[in-house]
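Have a look at these structures, which come just after this line.
Next come two complexes, and both contain chain A; in the first it sits with chain B, in the second with chain C.
So, the complex of A and B:
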């Protein structure tokens, strides 16, 4: 009896912080999504599910949803594949490996704002360094308007984002790889296993916890990617890089549709929740005890 | 067991003391705020005005504020500046939470209307400076016949050009669309990019259509906006269709830099200041920026001649507002004194000289760059306000996305139809 009382006191600060800074805003977002509030007017009209009905018929939202999924998928796959490959290459603790690990991690320490600007300049179609190099090595046919081409822009942004964050996944994989007991590999050597077989049968199964963390984190980050898109293209050209996060910002603050923006936010919330739950359930099953 | 109870008790004390400390902090703040409020009452003088203003353009406000505080030593100015996008989000939060500044930036035209409708802005119609404003400035600061902001300057969209390139090629300032295109082709043949266009920045997308529309629509039909509001006119089927076709054609004919959608405005200005681009259609504020980047080059500015030979060219101009006041400010007298001081010819000249923009009062003549003096006479031929000043707020963002879409290969009709839709929704 006394114990539950004391436990309750321990929980109180966390509970208060959670309620005030998370539960209350999230729940009020539910409320605002059912209003036509413009972000300014003192009167707020309750309009039921109208915003959600509009959402279902809004072509821009469907396009935004598609962009969101493309970004999330590519960010997850590329960041994990490249991150794992880098980690495999750099898992030894020699001087060069440690130096390169720190080197690759540098972009993750920079502000996405700065990175967005730098890459915008590198992608510039006329004097950007990427096209300049392509022309220099005789591949001028490959030169593109990287951020201005409707089909390319989204991949250009994903590439910049990948450059920034790939080492973040790499570091988690390095830690995961280093926690694999040496004797497993020794046993495999004695059994005459080749490099691929060792990866398939030892490394890959045993790096699973790092895999779970990385996949879930990159997926969530990919689904709600905002800053670098906002800086590099602001959703353009013509909405071709606008994902739900950029769209909800534009709806809320450029178009003054606070209620509608909240409805989009809820759609994102539901999507991220479902994706995360499914992923965790699937990936946990793959993890092995050792 | 005993041990745990003790530890639990200690933790309980700690938590409680933290909570109490937290409350104490809050409690201390409350009387302090009250005290400062009441202490200003008996003296009746010492007032602090909170200012929250957009600081994208350098207005040289330090100078104005220094002189103001010299004249009114009892009024202290607590100034906070912010870039425009940050300002737009923060001011709404400040107003909604009741933590509003006494004076804050107000946007010209319909963009201020939601603030007026929400009752946040003080009616300034009876201020002495209202009498001195030009009609265009009054229009952009009013809603339903009342004035809600102090205008500060008039901005102009025109063609900014490199005088040396024009001279070397023997080009005269073009006065109709065909001669403008001919001049551009000649520049292109000489190996220089004729027109710099940085559509990656959304605000750039509107500059050319605004400059075109002044002559193509409003010169012959000043009532177009009124007709749109009544539902008698739409973007679809208007001169916008031809304007957009001619706009996109500039790129198709190779008269712009490569990859307009992937190029930002800053990048265009860099190309211009290194002499690789001859012209750009932009705002007067770009001239001082270009000057600063490369003092060697000489710039001129002429109105975009989107007309047949011999027809008068109208110019797109936009009065910009300085600021308005919070309707429930505790110091309305000090607020009025401040705005009146900013409206004084001396302060106005300081601001106009700093921003290199045109005056909106009759009694102030700013010292402008030679390039800007070149376009000044054209303003007397005829002007029309930046179009978004008369549109419902949602039309302009829709246009930004639409124009980018058209340059990316989308259809002009889709773009205009969406703008009509946004107009109707906002006009309800």
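So, the complex of A and C:
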């Protein structure tokens, strides 16, 4: 009995803060998604599944869903491919390797707001860095309006995000690679295994846990991406970079459609839930097979 | 084989360049005078105009923003660590159904995107009269920080042998004393992981202050940077000066504690 009381004291602060400021809001969002609340009026009308019906016929939402998936997919693939390549180059523990790892990680210390400003300037069509460099090396024909062009903007935003976060994935891969015992490679060398065979049969299976973590984390981050888009394009031009996260912010705080925005949030949550569960199931199975 | 030997350093050097160019841009731009701007973005400034930093500092009211960021990040971190480590201890020790359920309850918070809580939270904080005040944002940071921290602490406490606390109890030490004097120092690696990952997030966070701390006096550093887009025409020199000022604390901290940072990120991610 006394034990339970003490446990309660240990648990209570975390339980209260978590329940009041996260669990309760999350649960009540199911209710708000079935209302027409506009954020200002004191009355909140229950309208059943109307928001979800509207959602299914809203062209913007479908476009936003598509943008969300493109962003998440490219963020996941690029960050993991480049992150793993960099990690393979830097897995040894020498001075140069440590220096480069730290150097690559610097962008991750900046706020997304700083990233937004920096890359807006990099991409600027008149005085931006990228077009200036292209001109300098004689490729002025490649110069683009990187953030103003509907077809390009989404890739430009993804590239800026990659610049910031790729080293995060790299660090996790390096930790995975360094945990592989040396003698496995020595045994492979004795057996006369080539570089590719070494990677396929030793390195890749043994970094599988790091792989699972990286894929799931980057996917979730990609599906939720907000700040950098908000700063760089605010969803534009013409909605070409508007994903669900940016859209629901606009619906809630620019258009005062809180109920509708909450329905979009639920759609986003459902997507994240399904994707992460499927991925974890698939990737864990691969880990076990080896 | 020769090709491969060349390819690795070339690739690494290439990415080092890609990282370097934007940093070069920020630093040189932040020191330019208006006359320098016409020579293109990559030209080294004729004269280094250090007074830009002072102008940016004053215009964006960065002194206040620094105090706000330090206060918000500091209080949030301390309370995340205290609340989560305390809650994790009984969760790691008890094996009954209630503890298991409570653990899952906390953990479910990792899966939920913040956007789902955003609108009801706005209403809740509005009702509690906490919009535009420190405690509102801090409470949100703690609530969203708890799931990850509880998870890390629980997995670590499970590896701590029970004999330690039992012998302390026999020596007449109460449960709170045992926890803070004996167990808490043991979980220092987890505490440093939590502090590093969460300080990166909270110090740089823009979204929660944008929602809940809009008023001028309450702005954190990212919001004070944001004021340049909303209040002044894009004065890039001042924006980049402010970016340099706002980024320096974390970069300095990183350079001083590099090893801990990298270990913290690696272990935080692998376990989280």
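FYI, the second predicted complex is superposed on the first by the 269 of 290 C-alpha atoms of A that agree within 3 Å, B and C clash if a C-alpha of one lies under 4 Å from a C-alpha of the other, contacts with A are read in each partner's own complex, and residues count from 1 in each chain.
The rule is short, and it goes like this: contacts are C-beta pairs under 8 Å (C-beta built on N, C-alpha and C of every residue); 3 or more make two chains touch, one makes a residue touch a chain.
Everything numeric in this text was worked out from a predicted model, so none of it was measured.
**Q** Once chain A of both complexes is superposed, is A:217 in touch with chain B (first), chain C (second), both, or neither?
**A** Second partner only, chain C.
**Q** Of the partners chain B and chain C, which touch A:279 in the superposed model: first, second, both, neither?
**A** neither
**Q** Considering only the touch criterion stated at the top, classify A:23 as touching first (chain B), second (chain C), both, or neither.
**A** After superposition on chain A, A:23 lies in contact with chain C alone.
**Q** Where does A:13 make contact in the superposed view: on chain B (first), on chain C (second), on both, or on neither?
**A** In the superposition, A:13 touches chain B and chain C alike.
**Q** Contact-wise, after the overlay, does A:201 reach chain B, chain C, both or neither (first, second, both, neither)?
**A** So A:201 meets neither chain B nor chain C here.
**Q** Mind working out whether A:121 is in touch with chain B, chain C, both or neither, as first, second, both or neither?
**A** A:121 sits against chain B and chain C alike.
**Q** Chain B or chain C: which reaches more residues on chain A?
**A** C
**Q** Quick one: classify A:235 as touching chain B (first), chain C (second), both or neither.
**A** It touches chain B, and chain C stays clear.
**Q** Could you say whether A:106 touches chain B, chain C, both of them, or neither, answering first, second, both or neither?
**A** In the superposition, A:106 touches chain C alone.
**Q** Going by the contact definition given at the top, which residues of chain A touch chain B in one complex and chain C in the other?
**A** 6, 10, 13, 39, 121, 127, 253
**Q** Would you pull the chain C residues touching chain A in the complex into a rising list?
**A** For chain C paired with chain A, touching residues are 4, 8, 11-12, 15-16, 18-19, 21-23, 25-26, 29, 37, 40-42, 79, 82-84, 86-87, 89-91, 94, 102, 105-106, 109, 111-124, 139-140, 142-144, 146-147, 150, 175, 179, 200, 203-207, 211, 221-222, 225-226, 236, 239-240, 243, 246-247, 250-251, 254-255, 258, 261-262, 265-267, 269-270, 272.
**Q** Considering the complex alone, what residue numbers of chain A touch chain C?
**A** So the residues of chain A touching chain C come out as 6-7, 10-11, 13-15, 17-18, 20-26, 28-29, 32, 39, 82, 85-86, 89-90, 100-114, 117-119, 121-122, 127-129, 132-133, 163, 168, 171-172, 174-176, 195, 209-210, 213-214, 217, 223-224, 226-227, 231, 245, 248-249, 252-253, 258, 261-262, 265-266, 268-269, 272-273, 276.
**Q** For a test of understanding, state which residues of chain A touch chain B in their complex under the given definition.
**A** 2, 6, 9-10, 12-13, 38-42, 120-121, 123-127, 145-150, 153, 233-240, 250, 253-257
**Q** Touching chain A in the complex: which residues of chain B?
**A** For this pair, the touching residues of chain B are 5, 8, 11-12, 15, 18, 85, 88-89, 92, 95-96, 114-115, 117-120, 199-200, 202, 257-264, 267, 271, 393-394, 397, 401-402, 404-410.
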